[in-house]
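Consider the two complexes below, in which chain A is the common component and chain B and chain C are the respective partners.
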Partner chain A sequence: MARFKLLPLVLSLLLLTGCWDQRQFKNVKLVLAAGVDAADEGKVESTVVITNVQSSSEGPGAEQTQIVSAAGHSPLDTRTHIDQKISKRFDQSKLHVLLLGEELAKKDIYAYLDMFYRDPKSNLHAQLAVVGGTVKDALSLSVSGEPRISEYITGMLTGERRSTHMPNTNIQLICSELLEPGQDFVLPYLTVNQEESILEYRGLALFSGQSYSGSYLPSEKAVLFLLMKGIRGADAQMTRKVGGDDHPDVNDFITVDVKEIHRKLSFDTHGSLPKVEIKLKMEADVLEYPPNHLQSAKKIKELEKQIEKDLTKEAKEILGQLQEVNSDALGLGRRLQAYHPKAWKKLNWNEVYADIEINPSITFEIQSHGITN
Partner chain B sequence: MARTENKKISRRQFFFIIIQTQIGVGVLSLPFDLHQAAKQDGWISFVLAGLCIQLLIVAMWLTARQFPDDDLISFLPKLFGNAIGKLLSSAYYLYFVCVCVLILVLFGRMLHLWILPNTPFWVLAILLAFTCLYLISSGLLVMARIYTFVSILLVIIFLLLVSALPDIQLVYLLPVGQTPIPQLVKGAQAAVLAMLGYISFFYLYPHTKGTPAERLKTMSYANLFVILFYLFVVFVSFTYFSTSEITFVPQPVLYLLKAIELHVISRVDLFLLSMWIVSVATSFSTYLFMASKGLTDMFHSKKPSRFAVFSTTLIVVASLIVGIDEQPIDSFTQFVTHVSMVFSNVIPLFLMLYTVSIYRFIRRKRHGKV
Partner chain C sequence: MKPFKSLRQKPKEQKQKTERNTTSLQENITYFVEAFHRSDDLKLRILEEGRAVLFYLESLADQAKIQNEFFKPYMKMDDQEVMKFSSGKKVHDRKEIIKLLLKGHSAFAIDGSADMLLFNTTSAFNRSVEEPDNEKVVRGSHEGFIDNLMININLIRKRIENENLVVTFEKLGKLTNTKVALVYLDGVANPQLVDKVKTRLKDISVDFIISPGFIEEFIEDHAYSPFPQMINTERPDKTVANLMEGRVAVLSEGSSTCLMAPATFFAFYQSPDDYNSRWFTGTFIRLIRLFSFIIAIGLPAFYISIVGFHFEVIPKDLVIPVKSSINEIAYPPIIEALVMVIIIELIREAGIRLPTPVGQTIGIVGGLVIGDAIVRAGLVSNFMIIVVALTAIASFVVPSNEMSTTLRLLTFPLIILSATLGFVGIVFGMLLLLIHLSRMESFGTPYFAPLAPLHVKDLKDTFIRLPLFKMNTRPKNAKPIKGKTQATSREWRRDGKNRK
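This part shows the complex of A and B:
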């Protein structure tokens, strides 16, 4: 009898291992960074960076990277062609970075992301970025001190996110804004610097609907833009000119770190077109101001006024650029729909967005000035 | 008397059995179903459905307290006489089998889609069904203990969802109240399907300690818990996905966790899926228990395990016939939804009306004569 009691135990050992759905590391080539470019005749060209680990008898194995690209009709078609050039097959389920070529991003990018949304194995928290020039050039860079291009790019983007130069984005997070009417999004815009063999963060690529509008918000303006969007990273540093004449000098500049933001959006829907008012209140610390004298309340008031004026002007420029390329990256349309559904229904937001009146008003407050006056 | 009292489950265990039965296979797709029917106002539908179920619970309680020692299968003959009672009991047996089959195929389909595309469905079906058979053959008390124990997983599911909160956009819930009433009702119907399982009240009531009022209170707390838990799930899914995006994702709860990376776990969705399997298993077990207990009682048998094995085999075979292709599952879901409306809502209401009016009258008359 005891023998029979053991039987189920042995059987479960044999049967419960599950032999069907194994995906073994030895059978695939891991891809950590990939990108797509537009190619001739409406085709796409994918580039993948494959990390090979050479096993050695002692210590960790040496890493070698292999960069392969191929053209095809769709992203998955290129995959077939890439597989034909490498040993084994590649696997994107650990992807960290996905780059989109500038020319390709100007088309409907959903088509190129569809395979990621559809596949249960894909890694949706891979970072996305638009590359000025071609992805192939960007991924082929060998950056000194950075053996893995994927780590280089994610590290760079994480840094920019912490310093409030870009919002938190990944393949999944942009999907909501990609599909939702009345809401557009931004992606980091990188360019290739061949001379120094590095990538450079340039600013935020503005998307209109599902495609790149072709213009990007320079990184100096990105901070204010994100603060207007209500996003703040670990710190939000801005350097602005206060006082001085036409010959700027280091003493004319102040650097502040915005600590707190309060944003209020209001819509006036009485007219034929809605009017938007963006009220943004900031509280900041002074990090750098060589002329000193920050103990006087009068001086602080003066500085605050000046910065307010400056920032309001800049906010107007940002909004002007957004409207010009028809990118509702602040999601004003979705908010209008949320709070004034009747007004929203009457409008064709895509057509009127460029013409509506948006008034930013910024109040700026200095709350501390470091350990010196 | 003391021995039967010992075999009864405590009210806390009763609470956990109810919530584990109600929270099951539907939790992953509920937000999608609600959104299909009622757009961003789906949560209103859900609250509506929760309130209706609360009323049903009171109705079931009014019936059940007339029969302090009988569960559904044994009080049906007392209410309607042997012939009709047996007929109704058999119908209920088939209904429970159908729900089991539905749970099994939805479970198989989900695993097939998300993690095990190559594993044949019969393996998954047998693994789940026979594990649950093992669980129910130990009796209600053991089941209750297991259910209480695994409820810790609900806390973990809750915490995982909390990690998605930084990325939500509350504006996706607005504007409120734009959905016409008929669609809200349709949404409520979808919600009821996800919360099915309250019918187990009829089976658990006689086996639970406490006064009738205490038991009703526990049941209502359980229902409230389920409503709040689901509401949180719906809230996170609705605000994480935009209004137009959610129509693309049939399993929003898994999908939103797929995009989150924790320090230790890279694919949170797979982690959630393994905990969800436990929730599915508990719902399945309760239905299997009700089915096989009903069958045993109908034949006045002393050998419940035979009927349990028979029911499990029947369910596995039926689920293999339905299969896990999209079309048959959809029609089968439709079918079970309609049947559930009758067996979980209409009949319990009718039973209540019948019990409090005609049956009380008949019994009084009968007692009067004796």
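This part shows the complex of A and C:
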């Protein structure tokens, strides 16, 4: 019968392919955290953290970390050099964190991310962060109580994201913002504290085009910046000084959690340069206010006014800083392009962005003040 | 003489050549003794000083019955009356007499008469009607078929008191002459289907038929398919339910299994329990079973693909545990999987043959000791044990034993495909499987119905089980000629007023 003659053919087709394209999970060196630094002569230096686990019949075995760096002309070139220093080959497809050295980030970072966008196996959900100092130092830290540096950094970034100190960023999410005009992005900025052997979250590194502008938004201002961008994590907590004199004590401060935001961006395109108005309405809960006279509507109005004033001032500072480093992290350009295409075509957004007028106006409303009055 | 003779005779069958008895007792008896090759269990009892003989196969006849049927009335009669026994049947055809003797009848022969009197003295050893071991249900009927054809048909007739229930007998097996019964409900079952099954049954020309398994292979459409194409059951209630859907049942003497045609893939996932429990529960369990199909054939292949090709899909928090588990395993995952699957099959096969207490010991030794030791020895990883054990459990969830073994067999090609081509291999394998399922037919019914071709109405009893009062039409699978199953039920209202 003809079909039985075909059977060995089909079987051999399947069986003789062998295992040449297998990637055995047990044979790879797992890299969960990696980073790139700028090196001399235009080279780059990659550092990878290889997590080796021992086999165990009961639960996960003991882990050992191996940190390897190598310099090369490109990220993939360094990869070859790293492979020459380790047993087997390393694999980045489960990468959790990718760190960019400050010096390197000031150049065009797309060049260092290109390999991730091309390879279908790469983890585009890996978190990105800029490190003040070198990545090598950051990844070499041994943080007590945190056996895996990748878990430490992702945990830290997740925490900051939940408390509205940074937006959700990963290799995938910044892709369009890297390539499109009219929108820039921010990345978390970390510094190494060698004395305490920890990393510290500093704020948001402001990018202009495809490179780091060299200035970052401190984490105190990050909350308001993100609220202006329309992003809110699990909670958005702000502590502001209300009242008191030049010698502030704990009673002069109020801590609020912004529960809801209503943002409105409007453009006035009548002049030669567009004017932007950002209207932001916030509704918040009071979390902490020791003087406590919150049963009176008058007192609440007073507090609201004061906070509004304070926040508006701060918003202006933030926008000033953004314009100074020419980083359109709020995406105003894209908004203009979408709603006022005629105005957009007339402008060279990159050049005029620094000069346009942006007016923030913030309304603040206290909604509740906890279970005490 | 016999007014119903024409009804009882099958017109199509050619009459066998008859061989008449002679009037000489000596000649007749010699003939039969020789016909049975002087078999020692052919017992001759000489009566009336050699003028009459009662003979029977000792191994088939019941002594007590002979006493009751023959000797008790015989003692009261004189010679002349003997041939007028009302309970006896007069036969002169030697072939016929041999046939009856083989059924356990006793023959009474008297010198000077070509006729012999035959008494039904068949001894019957039946096991009691018990719940079948491999098709237990929690609620509902606990009766099961036994190895006696008549009692099995009795169990069906008891459940369908309807004159439209038709039973026809066929003799199959040229040497064994096994009695096979074809049962269907006239007016519901499609006549074409009945004809088809009859024709195929008649076309069997083989020396012996031992069980319905033999019949199935001779009459199913696709003998080279791994999938069973007739429903096997030992449950009368399941048989009745299928008869009511317009299927045809085939039972055979000496076997407690009933075969039903046509079968669809989803019929193997139905169990009487679905209908005995509330319909929510029934639906939930049905879904679990169908889900188990995916697990049973696909889980090892999926796992092998992941650790052999696509480990980037492992969730972030599972990466280290998986890595730790498989890091120092000596063999590639395909060998691991094959070793484990074969070990499980070995344990299962060993467990079937052994008596229950020993079987349990094997289960414990095999499951716990080997399972634990094999992980410690580093031959198989923890995760592979979980995967293969889950697969084995999932394959046993299917109510039908045939489908369950098919599923376990289908695991192997998918394991090989996934180890050579990864997810692509699984997709190829599943595609071929789906193509095969969709193009198969069982007695003219599409095997993968109601999915391919799609009958939306019939999905009511496939993935889900709707309440019984919603099932107003019979499933189209068996192409029944009567569609409606009920007029509208539940016409009352809770407040007691009638809806009409």
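The definition used in the following text is that the second predicted complex is superposed on the first by the 347 of 373 C-alpha atoms of A that agree within 3 Å, B and C clash if a C-alpha of one lies under 4 Å from a C-alpha of the other, contacts with A are read in each partner's own complex, and residues count from 1 in each chain.
The rule is short, and it goes like this: contacts are C-beta pairs under 8 Å (C-beta built on N, C-alpha and C of every residue); 3 or more make two chains touch, one makes a residue touch a chain.
Every value quoted in this text rests on a predicted model; they were computed, and no experiment measured them.
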Checklist entry - Which partner does A:54 reach: the first (chain B), the second (chain C), both, or neither? => result second
Checklist entry - After lining up the shared chain so the two structures overlap, which partner does A:25 touch, if you call chain B first and chain C second: first, second, both or neither? => result second
Checklist entry - Which partner does A:96 reach: the first (chain B), the second (chain C), both, or neither? => result second
Item to check | Which of chain B and chain C A:63 touches, first, second, both or neither | outcome: second
Item to check | First, second, both or neither for A:111, with chain B first and chain C second | outcome: neither
Next on the checklist: Under the stated touch criterion, which partner chain does A:183 make contact with: chain B (first), chain C (second), both, or neither?
Outcome noted: first
Checklist entry - Is there a shared patch on chain A that both chain B and chain C touch, and which residues make it up? => result 18, 21
Item to check | Complex contact set, residues of chain A against chain C | outcome: 14-15, 17-19, 21-26, 28, 30, 32, 51, 53-57, 59-61, 63, 93-94, 96, 121-123
Next on the checklist: With touch defined as at the start, can you tell me which chain A residues reach chain B in the complex?
Outcome noted: 16, 18, 20-21, 117, 120, 124-125, 168, 170-173, 175-181, 183, 331, 334-335, 337-339, 341
Checklist outcome for this item: Listed in rising order, the residues of chain B that touch chain A in the complex are 113-120, 123, 127, 167, 169, 171-172, 174-175, 178, 240-245, 248, 255-256, 258-261
Checklist entry - What residues of chain C sit close enough to touch chain A in their complex? => result 306-309, 311-312, 314, 316, 319-329, 332-333, 375-376, 378, 382, 416-417, 419-422, 425
